[in-house]
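Consider the two complexes below, in which chain A is the common component and chain B and chain C are the respective partners.
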Partner chain A sequence: MVNLTLIIALPLLMAFTMPIFKMLNSKLPKFIALLTTAFNLIVLSSNFTEIMAAPLILELGGWQAPFAINLYVGPLALVAAFLINGSAFILSIYNLSQDYQFDDKFYLLFLMITAGASGMVMTGDLFNLFVFIEITSIAAYSLTTFAGGSSYEASFKYLIIGGVGSVFLLLGIGFTYSAVGSLNLAEIAASAGLINPLLLQITALLFLIGIGIEAELFPLNFWVPDIYTEAPTAVSGIMSGAVSAAGIYALARIFFTLFPAQQFFNYLLVIGVITLIMGELIAYQQENIKRMLAYSSLAQMGLIVTVISLGTEAAVKAGLFQLINHSILKVLLFISAGVLISAAGSKKIKDLAGLGTKKPTAAFGFTIAAMGILGVPFLNGFISKFMIISSSLNADQFLITFLILAAALIEIAYYLKVVQKLYFEDLEIEVKNTAVITVPVILLTLLIIGLGVYPQLIAEPLEKAAAEILNNSRYIMTVLGGI
Partner chain B sequence: MLNFLEEWSFFGGSILLIFIGLYGVLSRKNMIKILISLGLMDTGVNLLLVALGYVEAANAPIINSVNPSNAAAFVDPIPQALVLTSIVIGTAVLALGLALVMKIYDKYSTLNISEIRGLKW
Partner chain C sequence: MLTKYIFVPAAAAFAAYILNKKNKKAGATITALVSAYLLLSLALIYGSWELNQSFNLSLMGYQLEFLMALTPLSWLFAVLTSAISLLIAVFSIDSQADFKFSSVFNLNFLLVIGSIMGVLFARDFLTLFIFWELMTWTSFYLISSGKKKMAGRAAYRYLILSAAAAYSFLMAVIFIFQQTGSFAFEPAAEFLLNNSAPQSILLLLAISLPFWVKAGIFPLHVWVKDAHGNAPKEFSPFLSGMLLKVGFYGLIVVFHQLSFFKIIENTIAYRGLPLLSYLFALLGAVTIITGTILAIRQEDMKKLIAYSSISQMGYIIIGIAIATPLGFSGSMLHLMNHLIFKSTIFLALAAVIYRTGTTKMYEVGGLIFRMPLTFAAYLTAIIALAGIPPTNGFISKWVIYQALIEKGYLFLALAAFFGSIASFMYVFKPLSTVFLGQLKPQHQEIKEVPLLMKIPMLILIGVIVLFGVFPGIQMNIISQISGDLGIETVNYSLYSIQGAFGAWNSLYIFNVFAAGFVIALLVFGLAKKSKLVGLLDTYSSGEYVTDAESYHYAYQYYRPFDRLFDNLAAKSLTGFYETLTANLLKSGESFRRIFAAGRVQNYALYSVLLFVILAAVGWII
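This part shows the complex of A and B:
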């Protein structure tokens, strides 16, 4: 096994040496990014069996847990880290055929966002969570602007919302520290019962605002469509596949481990349902394909939050499975849509008509990912949709089940509209040369079909991760040990 | 009364500063003013964090021959460490924001957000 700290440390090192690599050879930065993310995946895999047996605590600086900063990598963090680094790896393959104007700076920020998101899921310390969220968002603000054009406005909007959110998050951290006297997540969780209930309410609300921005929750998600539409495709992909997964992880960590109270789950449930319905309804009306994917993405986030906050073990498992599927499918949707957009020279759905025969790989990738999201049998989305419906029925939440099904129907309508345009209409435009995405499409299609046919593949991590979320006393015991 | 004021002016003042900043972010139309308001919010929360770690008549938490190791005589060092980090982050965000404002100004020749198509919210 390799030391897991490298997952954060190596991308940071490679990010800041990127200008040197660029000087050596102008083609080098994109390969460095690919190699770094591949190395991260290997490090994660080499630690897999060990983490499944017992969560890993990495004490930084050689001091014991409550006194020094520690990293905590349990099954949940492992799943999230796999999603983040996996998305970054696939998008690095996609980036090989892309040319960015300042490519050393692009890959510098790309590795920063990977390191930041990985840090968010691995940290065991509230303040470091804040620092990693800031690393991730600052990298995201700057990455967006690589598309030029209107991306500056989108980035400015995100920067203002993110800046206000980070003030609230810091305020919440300050209140928590003043009430508990520690920033270690396990120590806060152990003494959360002693916090004054009113202060706990305010603090939870502040955390919800601060992290809800990363997790794309209503009403803090109006930056999402602009960023996803204007940013380069690889950036939209990593925001949707990695950063939002890290946001959901942070949300679960705060509300299940730190302050597990039924009323907060009820708030999350309501927010999640509103996000889901609103996202699907607006996605249905979109004419811009990237904007449609953005609204679909935030609707999926709403679905995941809804299901996880039902709080039963089956529901949490279903929500996590949906999170995994969402990362895989949205990365594939964004890269295929990116190729189709640059082939057609337009982001409008009606301009993509007939591209199915001219751009077979991208159209196939888009179609299979859309089918996955809709929940066609033998694809991964079917299993997670099935688990979601059955778990919400078992939790006696009939209204929630009905709303989830209604949202799924709207989803079917707008995804099939695009697929129909791709294959059943005649080509009206001249096709431009575009990126080659054969390798990512094959890899992701294998994953989609693999998880759909044989979901037991990830049954063990899901089981362990759900158990970890629902039992915060085990988290406290593992970190604090005998103290 | 005076004691009470002394004790709470830091908390009240910094919360007030945060709300002034929030009001500015929500109501101003000028992009530079929005960023200044964001800076005010940052300052407010930093002040609040320092105030949380304040201990009356205590020294800076540095161990030397004048100040022997005695936890009771020191102010809480952790909020100060947090504030240092958060000041750096706040500065970086503001600098990036100003750079974006420059780019947007180049394109539209205006700082008013209601005249910029992509910024309406």
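This part shows the complex of A and C:
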């Protein structure tokens, strides 16, 4: 087993030494990024059994929590970290055949966003959560602009919204500190019951807004479509696959571990459903494929939040499975769409007609990912859809179930439009040379089918992660120990 | 081993896909071989109704049991599926040379066959749902691969409608699963019987929704016409012949095996029939009438036959809904017979399209001189469709009429008669316009189709007459099905069926017709030969004609009749659904305009507003 701190430390180290690597060899940065993310995955895997047995607490500086900063890596954090570093790894493979201007800076930021998101899910105290969110966001602002053109505008919008979000978050942290006198998550969770209810409510709402922006909840999510559309494909992919997963993690941590109250679950449920329905309805109208994927991402985030906030064990498991699927599928969708876009030289869906035969790998990737999202049997989305419907019916939420299924229907409608365009229509166009994505498509397809046929593969981490979400006293106990 | 019926086609599908890339005949050959294999091994397990298989799986904390079993009903449907796919595959070995999506076609075709087998052998909802979804998805790609531009849109409509229905199914079965802890049919049936009747009825209606859609019963028939009309010509026979019928399989399962009919037994009745059953029969009647009227108006031959399929589905549902021994037997007979003659028709039309490349009736004509066998196949099939003895179509309709008159369902009987008489009108139209009349100048050089396409048509002609004379062959399995479902059986022998008001003896009738045929042949042989003149000359009087189409009488063939129903037909149900969904989906655009208009100040404002609103909500509560 390797020290888990490296997951955050190594990308940061590599990020800031990137200009030196660039000086050594101009090809080096992309390989460094690939190796770093691969290393992170190995570190995570080597710690897998240990974390499954008991959560790992890493106390920095040798002081015991709550007096020192600590990292907390339980099953939930492990799942999230796998998603984040896995997405980053796949996208690094994609990046190998991609040429960015100022590529040292690009990979510097790319590793920073990976480290930031990993930090978000591993940190054990509130202030570091804030710091990592800032690192992630700042990296995201700048990464977006690598596409040039109108991406500056998108980035600027995100910057402003992100700034507003930080204010809320910081206020929330300040209120919490003033009430509890500590920023350690376990410490706060342990004494949350002692806080004045009104203050608690205001604080929780401040967090809801602050984190809601990262978790892409309505109506805080309108920066998302612009970012996903304008940013380079790899950035859209990492935002959708990794950063949003970290956002969901933070949301779960704050509302299930820190301030568990039915009232906030109800808020999240309503907000989640609205996000879902609006996202799907707007996605259906889009003519730009990346914008369509962006709204679809929003909707998926809404779905995940809805399901998790049902609060039963089955529901949380279903939501987490959907989160895993979302990361896998959206990364595949974004890189395939990226290739299709550069092949056709246009982001318009109607200009992609006939690329099924001209760009078979990318079209296949897009199709299988779309079918995964739509829940075709033997693909991963089928299992999570089944679990979602089952758990929401079990919680007696008929209306919610109905709305989820209605949203799924709209989803079918717009994804199939693209799939049909790809294969069964034709357009006389000159196909441009594009990135080669055979390896990521094969890897992700194997994952999609593997999880669809043998979902037991992730049953244990999912089970334990759900238990961790639902049982905050265990979290407190493990961190604080006897104190 | 029932799973082999699923896995063999599935494995062969990928082999067919790869090999077909090398040789365009490989895919269809593999499909034919697999279908033949399935047919053979199904024949071998005939009668072993105790065959079953089950797997247990613990999935994410759910204890799931996958059950499969062989029943007479599923055996029959499985045989029909493999038989028809064998014929179609043989037919399409030669016809796919110019088909762009040939590999994809064979891949999906075999997957459809495999998933239908899965649907048929499933004894629990989850297995049923999985294979039902696969069947829908693969057939979606099959319809999409049609040549015409409309194919995509038609397939799209088909899938959306099917998916919506499938979700209603999913919700209902998961609800039952919560109560019983099992997806299997038997505990579900037990639960539904003991549950409150209204809730059980609602659940079963939700479960049956995908089957109604697939069967194309009014008002869910809107996908049928375009899907049939635009699907690849080799898939249309299967779509109309088999895929629609799988819907009826599902309905029979819901009605009998999930005890829907037992639950509604004691509700309000009309002439001894529970009102809900009568309503279903009424839907059947409306389906007959709608399908017939719309068929008469069609100019496209495949779409015409598609509408005719809709109307024939009406007969089947009437018989199934009234559920008397005669009604059920009549429906099952008609189900098989429709499969046989409708595939014949679609194959004959596929042969015409293969040679001429068009589906518009007014663009062809006089093909009897060039494609006599195709003509013969079409003629036999439409005689069967119109229900004229001594073909199989007569017998099944006769049994259904008997069932309706026996119980005195006047309106239903009227609709059935109307559909039967008016079907003369629509089937005669392609006959007279495609095969009779003038041969188009550009079609002078057309040849009859190759041998491999002739064989399936010949076999089907034989089967139509065979079952027309010996309905006892079909009644043999049908009586086993009735017995299995707990319906009384009808008395029959090899060539006669006992109706409510006397028996039908087909051998006797066949002899009469045969004698009549011989006499006619004699008269024809002895009479003076007619003189053949140039076809165009009969109406152009030897003038030079540049554009033969505009003179063709096929265009707007039944104009006076059409005028009668112009107002009715203008109120298209499809249009209604489309406007409804379009308006619903447009709301997304308004949302976007209100919220996501691109002003970043507003976005910042939203976060403050959300905070204020939620705080206010918390304050009030």
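Quick note on the criterion: the second predicted complex is superposed on the first by the 483 of 483 C-alpha atoms of A that agree within 3 Å, B and C clash if a C-alpha of one lies under 4 Å from a C-alpha of the other, contacts with A are read in each partner's own complex, and residues count from 1 in each chain.
Assume a residue touches a chain if its C-beta (ideal position, glycine included) is under 8 Å from a C-beta of that chain, and two chains touch if they have at least 3 such contacts.
Nothing here was measured: the structure is a model prediction, and the numbers come from that model.
Trainee: Have a look and say if chain B or chain C is in touch with more residues of chain A.
Mentor: The partner making contact with more of chain A's residues is C.
Trainee: Is A:F156 touching the first partner chain B, the second partner chain C, both, or neither of them?
Mentor: Both chain B and chain C are touched by A:F156.
Trainee: Looking at A:V164 after the superposition, I want to know if it touches chain B, chain C, both of them or none. Which is it: first, second, both, neither?
Mentor: both
Trainee: Of the partners chain B and chain C, which touch A:F222 in the superposed model: first, second, both, neither?
Mentor: both
Trainee: Return first, second, both or neither, reflecting whether A:T145 touches chain B, chain C, both chains, or no partner chain.
Mentor: Once the two structures are laid over each other on A, A:T145 reaches chain B alone.
Trainee: Of the partners chain B and chain C, which touch A:M371 in the superposed model: first, second, both, neither?
Mentor: It touches chain C, and chain B stays clear.
Trainee: Kindly list the residues of chain A that each of chain B and chain C touches, one partner per complex.
Mentor: Of chain A, residues 156-157, 160, 164, 222, 226 contact chain B in one complex and chain C in the other.
Trainee: Hey, which residues of chain C end up touching chain A in the complex?
Mentor: Those in contact with chain A are residues 58-62, 101, 104, 129-131, 133-134, 137, 140, 144-145, 151-152, 155-156, 159-160, 163-164, 167, 170-171, 174-175, 177-178, 585-589, 591-592, 595-596, 598, 600, 602-604, 606-611, 614-615, 617-618, 621.
Trainee: Which chain A residues qualify as touching chain B in the complex?
Mentor: Chain A reaches chain B through residues 127, 130-131, 134, 138, 141-142, 145, 150, 152-157, 159-160, 162-164, 166-167, 170-171, 173-174, 177-178, 183, 222, 226, 230.
Trainee: Quick one: which bits of chain A touch chain C in the complex? Just the residue numbers, please.
Mentor: For this pair, the touching residues of chain A are 156-157, 160-161, 164-165, 168, 201-202, 205-206, 208-209, 212-213, 219-220, 222-223, 225-226, 263, 267, 278, 280-285, 313-314, 317, 321, 371, 375-378, 382-383, 386-387, 389-390, 393-394, 401-402, 405, 408-410, 412-413, 416-417, 420, 423-425, 455-456, 459, 462-463.
Trainee: Flag every residue of chain B that touches chain A in the complex, lowest number first.
Mentor: Listed in rising order, the residues of chain B that touch chain A are 18, 21-22, 25, 31, 34-35, 38, 41-42, 44-45, 48-49, 52, 78-79, 82, 85-86, 89, 92-93, 96-97, 100-101, 103-104, 107, 116-119, 121.
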